[in-house]
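What follows is a pair of complexes built around subunit A, which joins subunit B in one and subunit C in the other.
Here is the complex of A and B:
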């Protein structure tokens, strides 16, 4: 038997793996940005003065955080063609929608927490100054809340990198799927997936270090 | 096709049985993994440098790579070196190792959250190390880590769905299968989603109760 790691042909298989890694990074960036925007909107929604807005926002964040990302992805994968039979959607777009919906719920929860961390007295002070709800949010709460949200936000981004591997199940050609395709050619899953895991580590570990650095700076 | 939940209700028992497998693999990997996590935490605090590096490396590797790739390594990769595990044992092994890496960090944060003054006070009272740990550190530490542990338990439960990719017949796999058979995607995944959501909600609720009644003083 060949030593497993030696059986991996880097020259032949690194380019497709790196392309897959590029798709993974692109997916995480796109859905991370979309998720942050959704998260800010729904995070504010959960502290809105109108009760129905609060309910709607909390149904979304709580339900999505209570089901697996794989269920969201599979549902979209099967349901979108039923709803739009003539749309030619690439799986990467479906994957991006699913990851954004997922990220939005977690980001909303993070923003809700950081908005709540702002002392009530500051809101009352804003009230005393005659600021309306939106002004209080814009000038008093959000500038501080966004700063507090950075470390848990980075933590979630790491989780998103790993969760994004599941888009391979709905046939989006990310890093994990590139690995699967290669193993069907070289029949060396151990070596191939070790390389895949190493590439995920290279994407994710700098984020871990960044999060720790930022947290130390805040402290 | 119109929406008809009645058409998929006969499949509810199949879904509940599959949910049972999801819960089984989650509970087993959570408990075995948490015990392993205590050892990984102790390894990180060990006086032996190589042991510290090993524990640290284990934590970083498992926290920075996807569970799916870990399962592929176990299920497809290990047979190359003569270790054959079926889908259940592969999922259990992957989730256990994963959980150990996460709980080791949770235990570290919990134990470090107990003020040093308490430990010193116990020393001043003449308590031995084992007594100090048992009576002074452990209870507040468990109470401090309970929310994080609960969260980890729910995350682990949700990620048991990844087992479906290596053909473990848990809930997600059952849903995908029923979807192919009935083509009632909306109904099947709505009911499946509600089953996942309710289970997570029950876990979160019981943890809050435990916090309120078991750990008050």
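Here is the complex of A and C:
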């Protein structure tokens, strides 16, 4: 451990790595939030009274979950300039869109499960009181479903931190790409990627702690 | 002309797939009347009750309740449900809301009652069911009997014209059954129109104006409690009562 780390020039390389870590945190935060919103909408869609809405939500979640995140990112990277020739998206924005689409599908699946876990009697009680569909969802189902969704949601965010390293492939300068750029300069991949790994851990471990704290609080 | 019935069900047929659960039910509940529905498990009592506030659809027959015709395709079921309170065997209180908020939700969202008025109504109802001190408590902290009283108060907060009870005491510990029956009895004495599915024959005998005995999807017989309990006309009624009494 010590020997390779000695060969790593922290003064020179920490700033770009920290910048990369900042991009990773920003990407995960933005796509986590966007994914949660998409997930709530499509998760509700999966149990909507209108069949076409259910189909649409089902196609989105199953299709996206069936393809690798890398393919989604490459598709966006090559297709967005073709579809929107005048759009000047940075790679970071493209990465954010890709991760959001990906996170949305998984979050939708998590919310679908959480909504399904609400006992039927809760829905019927809401209906028997005269609440319409949206009121029933808003005041009875969602508050309870969100609580159920928090632990698996946090679990997914941890996975998302790690999956986000794939955005380096489309040249977004996240933590992984920052590490690769540095190794091409210092030729010390072992030391560099040890530091990169430690930074990933620093990003994802608080999420684990948050998840554990939440589950203890519920218990 | 006499006032029209609060609930009038005519020739109700209901099937789940191939299973015919209601085989032509006629039932009537007049204003201020308390009707108890008794019968063996699986005879269709819950299904009939749930048809009355459109929680279940039925294939054939007519139901009018509080002046709403449930048969018409134009019927807005949410309007019907404003007038019809329902209490479930499993309470179904909202566990994520304080007791007070359980009572205030529907009046505010459905009837657009002001927050202040909803709160006033809720507190008055909690007083009535003996749970004022539990207003700011989550219902999960309450006993079954207390939760069921919250559920009754929650239904009453909509100021319904009719109350439907589906075995409200069947899931309760024996020692809390009485407190729930007391609340229901008080409600009946105030003149609430009620239809009660129950296995509490003491309650039915004391409070009901009429008892309906259902078996296997049909109403076998009905009449004042004394006649049904002391002088049943049908073998099936006798067999059921001998088992349960």
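A few comments on the model shown:
The rule is short, and it goes like this: the second predicted complex is superposed on the first by the 216 of 219 C-alpha atoms of A that agree within 3 Å, B and C clash if a C-alpha of one lies under 4 Å from a C-alpha of the other, contacts with A are read in each partner's own complex, and residues count from 1 in each chain.
Definition applied: a residue touches a chain if its C-beta (ideal position, glycine included) is under 8 Å from a C-beta of that chain, and two chains touch if they have at least 3 such contacts.
Keep in mind it's a predicted model, so treat the numbers as computed, not measured.
Look at A:163: by the touch rule set out above, it reaches subunit B but stays clear of subunit C.
Residue contacts after overlaying the shared chain place A:129 against subunit C, while subunit B stays out of touching range.
By the document's definition of touching, of the two partners only subunit B reaches A:68; subunit C does not. After overlaying the two complexes on the shared chain, residue contacts for A:147 are found with subunit C alone; subunit B is out of touch. More residues of subunit A lie in touch with B than with the remaining chain of the pair subunit B and subunit C. Look at A:78: by the touch rule set out above, it reaches subunit B but stays clear of subunit C.
Of all residues in subunit A, only 119, 121-122, 124-125, 127-132, 135, 139-140, 143-144, 147 touch subunit C in the complex they form. Partner subunit A is touched in their complex by these residues of subunit B: 1, 60-61, 63-70, 72-73, 76-78, 80-81, 154, 158-162, 164-165, 172, 175-176, 179, 185-186, 189, 192-193, 196-197, 200-201. Chain contact summary for the complex, subunit C toward subunit A: residues 53, 55, 77-79, 81-82, 84-86, 88, 90-96, 105-106, 109-110, 151, 154-155, 158.
For subunit A in complex with subunit B, the touching residues are 1, 4, 62-63, 65-71, 74-75, 78-79, 82, 158, 161-166, 168-169, 176, 179-180, 183, 188-190, 193-194, 196-197, 200-201, 204-205, 208.
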